[in-house]
Structures are given as structure tokens and as C-alpha cells.
Amino acid sequence: MSDMNESESGGALDVAFFTRWLTLAAAAVDREADRLTELDSAIGDADHGANLKRGFAAVRDVLEKEPPQTPGAVLVTAGRQLISTVGGASGPLYGTLLRRTGKGLGDSVTVSREQLAAALTEGVAAVGRLGGAHAGDKTMLDALGPAAGALGESFEAARDAAERGALATVPLQARKGRASYLGERSVGHQDPGATSSALLVAALAEAAA
Amino acid sequence: MSDMNESESGGALDVAFFTRWLTLAAAAVDREADRLTELDSAIGDADHGANLKRGFAAVRDVLEKEPPQTPGAVLVTAGRQLISTVGGASGPLYGTLLRRTGKGLGDSVTVSREQLAAALTEGVAAVGRLGGAHAGDKTMLDALGPAAGALGESFEAARDAAERGALATVPLQARKGRASYLGERSVGHQDPGATSSALLVAALAEAAA
Amino acid sequence: MLINVPETVVADALRGMAAAHPELTVDVEHRVVLRRDAPVAGRVALVSGGGSGHEPLHGGFVGPGMLAAACPGEVFTSPVPDQMVRAAAAVDSGAGVLFVVKNYTGDVLNFEMAAELAEDEGIQIATVLVNDDVAVTDSLYTAGRRGTGATLFVEKIAGAAAEEGAPLERVEAIARRVNERSRSFGVALSACTTPAKGGPTFDLPPGELELGIGIHGEPGRERRPMMTSGEIADFAVDAVLEDLRPSGPVLALVNGMGATPLLELYGFHAEVQRVLTERGVPVARALVGNYVTSLDMAGCSVTLCEADEEILRLWDAPVQTPALRWGR
Amino acid sequence: MLINVPETVVADALRGMAAAHPELTVDVEHRVVLRRDAPVAGRVALVSGGGSGHEPLHGGFVGPGMLAAACPGEVFTSPVPDQMVRAAAAVDSGAGVLFVVKNYTGDVLNFEMAAELAEDEGIQIATVLVNDDVAVTDSLYTAGRRGTGATLFVEKIAGAAAEEGAPLERVEAIARRVNERSRSFGVALSACTTPAKGGPTFDLPPGELELGIGIHGEPGRERRPMMTSGEIADFAVDAVLEDLRPSGPVLALVNGMGATPLLELYGFHAEVQRVLTERGVPVARALVGNYVTSLDMAGCSVTLCEADEEILRLWDAPVQTPALRWGR
């Protein structure tokens, strides 16, 4: 990956790119499922890894069996699939993220990184509305928000922002989701959802590389 | 204790002696309850110490509150009390042991060691009939049987025989009681009931000392 | 764990439920447990659901006088909207469906989506959120109080109202009232083991306990050296009463978290009864057992519901489910 | 453990039972749990009992259609004869009393003594020994097969016969027949913790299990590396069938030892059902739950009873107890 690819891709993120993204995301989730579950067991209910593994495996399946025709359709299909298979908090939230982002891409056959950044920003806002969380509440938003902002700049910037955002959840006290039940005991642990968000954004950068 | 006491006592084991025996027995059981339970947890159900502690505390109580008038009555009362408070296998068995031994002593106000030995032999036989166990089955009988035999000789001989009998249960495979459920896995553990029997006979020797 | 592989735990359990309970319809593939006679003409239908691992909640409460359907999610993971939509369609007689939802982000979001979809299909949906756990402060800084033991009260009492033929808004109002009058507090003596994690969800050394736990294996608000049954009863009942302040008799649920022996639970109930007597709170009805569990967690919770005449009458009404059965 | 002190565990539990079950008479001092309406005129009365720690057995099975009285001993310690004599006197209507005794040396001896004493008081006593556990060879070299899950079958079915008005010898004969047609096999995934010991009764590392355990925290006959639910079902069902060889449909009890979540137990039941189907044994009725427990032991047992028409009819007959309730 590099500026070269970056410029090459131009306005040309196509169905193959989005499919690659989600396939890489599925692989990353598989690989990191135990770590996600471990993080969730510290401040949640020890299922985040299993949840996303199940969901992204289903996404991979549906994209293989019924390949959508547009980037938007890829994300909408994937989002629906997550909603139908994940459950928990992360299912509707990630599902909404992808559906809204996908809708924001419209019917175009290829989209630019800038278009994706704008659509993702809408998607992230939808997640905020659905879950009622704000930046600093120690949720996936703390990785997704910065990533959407930085995506205007580059895929790598988005990846790094997500990673930083996830790490920055460690000292926070959770105000949304299960971790909020722990009050001050949630401090000192990295949020599982922010961590998985960083994985998804890293997969995006990898797909672009 | 010694031959002197031994000869002194002659035919003169009285109510005070028998009360002292059972009081010492209660103290020994209190002291060793955890060990008895530990032994029972290896090859039984981890309650032998608690069972006897409860039973002998009740015996001590009843002997204090309603002191019987003869050696025989002391043992019969104690046996009844064990039956009414211990439960488990050891309650009826030890209860029967003391009741039968007590009955064997008749109404005499004092009895000799030889008389006690004869009565105890009857008591042990009654335990054998009630529980259907034989020597070598890895039960209390393996301590009680030798003790009753040796009591004709001396209190110390009885104590040592009981102790040896209890130790000799270690290599045996249990054929009665809960330990028999373990089959060969019961080998290598000392029988809790034989162990408590050795304590009771040791208390008898101590009472005579 | 007594399982095959973590991935099939819920499906395996549903196959077992199907085999054990011919009086229920268990759709293993779509993960819906239904009253065999659903839809019941003219009757509002209660649909609940949530993560698995809390059995007998909710599947064990399906039957005449309680739930029309239950939707079990993965272990400790809320079910997906497809399940609730399917359940609602199967049990709706036209009189409408009440969703009974425990207040967890996941459950709330998935049931919300399901309600939208079901309404699109022309099914009238009302929703009641159960949020009874006083260990969580209900504020902007939390996801709000959790739904725990009161779920049983809401499902039983609103279920009885539905069975009697009350219309949807009435069933919803009763459910809401029961929830508003109910509070819970839970204590863990051990963590639980989820199939996905394969080990305890948190580290609780013997000789310590967690106060203010939920039912998802998450640690509580505070850790303390072990307390006696009587001390725990004092703490838990007082925590509930501080929030509830009932002026009359209560329903009491003394609930085991899964691995606490019934012997100990009854002993704990004696202490709960003692504290309530000391505090001048009469107990109108008591239920002691493992009803809203957290897999193999050792521990217990106390739920009190300030009763009124209607609540008592509906509580006493007949119920015929795998886990709760009386009357008729 | 959720207790005050080990010494009061049983008394505390009885106080809790008394508070939770106004439909029972609980004599906490003398440790007897009675049907409130005992003695029932013209009816044989079933009295059972045994060590505590197996709840809901036996106290949870007291009520119309099952036991007239239960006598709880200390934890894992058989009750004393005084309890059974008192219970027999309280429930005997003149039609006689059936003692249902699990085959353990302690229970056998204490009930034997009680029977003698009760007969001295003019009460007609019959006794049935329950000995269903195939893990123990019934030979001169053991105390004989243990009584486990079949106790529930015997108490339910003979209890129904008594409720119908069958005379003592008939109730006894049915009880004996149920026992003879029943076999069990149990597996532990963990040891249990008794109040007296305060720690696990034996050492079972995670990742291993004990096959052929009883219900008193004693280790089993054999230790093995962890097996799947399906493998355990194969092993347990085959162990039972080797001894039972039923020629027709069976009653199946899939029983939890205390700490195994209902979720896992239902999954296990699915596997039991599978094995029985493979072996050509139809299941007429199944019961899944924690009924004959061993405190907080994780594990399960399978009990099968070869049914006949009368057994099925009596099984289906109404029963109204804290732990088993159906019909009417």
C-alpha cells in the first residue's frame, strides 16, 4: 500500500474492493476473536469475539453466495447480515454502521475515498443516534469517530486514528453499554468494541494497500 | 496409668469412670473432627467428624443433665443419644455398640475390666450383625474387634490393638459402607470409622489411667 | 462444561427442550419457543427473549398464563430482530403483542429493530422495558438499571392479564406498573463459565464475594470478604428497600444464580424473611429457586415487588409453563 | 457458600422452606416436612428422608400425589430414627406408612430402627429400598447399588397410587416394581463443597471428569479426560441399558447435580434422546432439571424406568409439590 495505490484508486473503490475489505475484516475478527472476548470479559460479558466471528462469517458467506452489484449494496447487505446474526449491542450498531454507510454511497459502481469518508461519517452519526453514546463514553465510537474524520486524509491515517482511539479508551470510565455497570472499575481496560472497530478500519486500510 | 491403676480398679469401674470415658471421648472427637472428616472425604462423604462431634456433644449434655445411676445405664443412655443425634451409618452402629455393651453390664454399680471386655465383645458382635460387615471389610469393626479382644488383657493393650487395627485398614479395599462404592480406589486410605473407634478406645484407656 | 462445542450450545439446548416439552413448539432452526396453541384468539401475546444462559428464563416461562413466545439469543447475547419478528407473527391473534425487554443495550436495540419490522408487517407492538437492578445507578452515566429478577414478575403478571383477555394497552400498563414497583439486588460467590470463554468470566478468589452483580458474568460494583447468609440478606434487602420503600406487602423472589444449592437458597430465604420482618415489610407471596440464572454462577438475588390487589390476583392466576406451574 | 455457620445449615433451610411454602407444615425443631392436610383419611402415607444436600429431594416432593412427609438429615447424613417415627405418627391415617429408603448403609439402618419403633407404636410400616445406580456392582463386596434418580420415580408413582387409595401392600408392590425397572448412571464435572468440609470433597482438575459418581460428593469409579455432552450421553445411557434392557418405552430423568446450567442440561437431554433413539428405546415421558442433586456439584445423571401402562398412568396423575407439579 502507499500513496501510489491511494492515488491509483482515485474514485475507483469498486465492489471487489469492498468485498476484499469485509473479507479481510472477517479474517481479522477470526484471528482476534479470543482477544476481543478476553477484553469483553474484563468489563462486559465475554462474548464480543464470538459475536463478531459469527457475524462476519455470515457476511463472508452472503457476499460469496449472492455477490451484490454496487459498493453501497455490499455494505447494506453486510449490515443487514450483521443485524440478523450478531445480536447483542454490537450487532445492531455495526449493522447500522454498514447499512447507513452503504446507503450513503448510493448506486454508484465505484466511489472515491472521499465519498466513502463522507458516507462513513454519516454511518458513525447513525451509530451515535441509535446507541445514544458520545465521544469519550468508552465505546466503538471512540475509534470510529476519529477514523471517519481521518479517512478524508488517507486510509492509513484512518487506521492510525482508529488504533489511537481504541487505545485511548483505556483510561476512560464507561458511560454506555455493559461496561458502564462497573462504574470506576471500568477504568484501565480497553473497550472491546473500540478494539474491534480498530480492526475493521485496519482491514479497510489493508484492502486499499 | 499403669498396672497399679489397673489392679487398683479391679472390679471397680463405676459411673464416674464411664462418664469420664465418654467425656474424654467427646473431647477427642472434638479435637480430631477435622481429621475424621478429611479421611471421610477421601473415601466417603466428608461428614464423619461432624457426625460424631454432634453426637458426642449430645452425649456429654445428657450425661450432665440426667446422670445415670449405673455403668450400664451410662452406656445405654449414651448409645440412645448417639442413635437420636448422629444419623448416617455411624450413628446406629456406635449407638448399638454402646447400648449393647451397656446392656451386657446389667445393673451392677461397679464392673470389672473383664466384665467390660465381655460386654464390649457382645457390643461389637451386635455392630457386626447390624451392619453385616466382617473383619477386613475396612470398617470400624477392624479397630473395635481387636480392641474388644485385647481388653481382657489391659486397657493399654486394647488401645494399641485399636490403633493397629485402624492403621491396618489403609491397604484394604472397602466392602461395606460408602467407601465400597470406590472399589479399588478405596485402597490406600485409612477408614474414618476405624479411626474414630481407635479414638474412643484411646479415651477408654485414658479414663483408666 | 457439559457441552459439545460452544457454537452449538443454544441449538443443542433447544433440541433438548423440544424433546422434553411436547407442550411447546420449539423452532430450533429459527430459535423461537412458542405456546403450542398460539395464536390464541382475542388474546394479547407476550413475547420476550434475551441472551441464553439465564434458564429457565425465558423459554421455561412459555405457556398458558405467561409468555406466548421466547427468543433465545446466543449465550449472554441478545437475540436478533429476525427472531422476534418471527415470534410476533406466529403468536399475534390480531390483539397485539407485548415485547418484554430487559434493559440492556443489545436487547433494547434488537427489540427496537424488531418492533419496527413487525409493525411494518401490520402487527401492533407495545414494549415494556424491565429495569429493576438497584446496583446500577439509573443515570446519564450508565446504560441504566439492568433488567433481572423483576422480569419473572412482569412476565407472570402481565401474562395473566393477557390470558384474562385484557387489551394491549392494559397489559402494557400492568407490565409497566409491575416493573416500576419492583427492585432487585444480586450477589456473586463465584464467577460463571461461558462456553465461548471456557473459563470463569472474572477472577473471584474463594473467601470473597461480589456485591451488585448482574446476570451476565460481569463483575459487580464492589468486592468484599465473604459474608454470612444473614449479612448478605441484610445488605441486599436494604439495598432494595432504599430504592423501593414499599408501603404494603411485597412479592419476594429469592433467586439462585445457578450453582447455589437449593438448600443454601432456602436458608438465605429465611434470612431475607427475617430482615423484611425487622423492617416491617410483610411478604404476601414468596418464590425461592433458580429462575433468572447466570449459567453456573454461585450467588443469589433478591427481588421485591410492591404488590396491590390486582397484582396479587394476577400472580395467583393459573400458569402452566415448564418452570412455573400452579392453579387450574 | 451462602450459609451462616455449617451447624445451622439444615435448620436455616427448613425455616426458609416454612416461610416459602405455606402449603406445607415444616417442623423445624424436629426436622419433619409434612403435607398440611396429613393424615389423609383412608390413604397410605409415603415417608422418605435422607441426608440434606439433594434438594429438592425429598422435602420438595411433599404434597398431594407424592410424599406425605420428608425427614431431612444433616448434609449427606441420613436422618435419625426419631424423625421418621415422628413423621410416621403424624401422617398415618391407619392405612399404614411406606418408607422410601435410598440404599445407603446409614439410611437403611436408621429407617430400620425407625420402623421397629413405629411398629411398637402400632403403626403399620412397609419399606422399599431404592437401589438404581449401575455404577456400583450389587455384590457381597459392596454396600449394594446406591439409590439415586429412581427415588423420584418411586416417590411420584407410588405416591400417586397412595393418593388413589391403593392399600399398603399394593403401594409397596408398585414402589418395588418401579425401583426394579429403574437404573441410573451419574457423571461429575466438578466435586461439591459441603458446609462441614468447606472445600471440594475431592480434587477434580478442570478438563477431567468422574464417571459413575454418587450423590454424596464421593469420587466415582473412574476418572477420564473431559468428554463431550454427546460422548457422556453415549456412555451413561449405554451403562444404564446394559443393566436394564427395556423392551418398551421408558420414563427418562435427565438430572442435574446442582451446578450444571439448565441450558447445558437441555443440550445433554438432546444427546440422551439421540442415543435412546439409536438404541431403539422410545421415550414415553421425559423430565429435565435439578431434582436429585449433590449440593453444588457440576454434572448430571440419567435415570431410565421401563414403563408399563400403570406406571404411565400414575406418572401422569396429578401432583402438587414445591418441585413437581402437574395435573388437576
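Chains: A, B, C and D, in written order; residue numbering restarts at 1 for each.
What we mean here is this: a residue touches a chain if its C-beta (ideal position, glycine included) is under 8 Å from a C-beta of that chain, and two chains touch if they have at least 3 such contacts.
This structure is a prediction, so every number in the text was calculated from the model and none was measured.
Among the remaining chains, none touches chain C as well as chain D. In whole angstrom, the spacing between the mean C-alpha positions of chain B and chain C is 54.
As a whole-number value, the distance joining the C-alpha centres of chain A and chain B reads 74 Å. As a whole-number value, the distance joining the C-alpha centres of chain B and chain D reads 32 Å.
Multi-chain contact residues, meaning those touching two or more other chains, occur in chain D at positions 75. Among the residues of chain B, none is in touch with two or more other chains. Here, these are the chain pairs in contact: A-C, B-D, C-D.
Those residues of chain C that touch chain A in the shared complex are 6, 51, 73-82, 104-106, 109-110, 112-113, 135-137, 140-143, 146, 194, 196-197, 201-202, 214, 216-219, 221.
The residues of chain C lying in touch with chain D in their complex are 1-5, 8-10, 12-20, 52-53, 55-56, 60, 75, 189, 228-230, 232, 254, 258-271, 273, 283, 286-288, 290, 293, 295-296, 298-300, 325-326, 328.
Within the complex formed with chain D, the residues of chain B that make contact are 37-38, 41-47, 49-51, 54, 83-93, 130-131, 173, 175-178, 180-183, 185.
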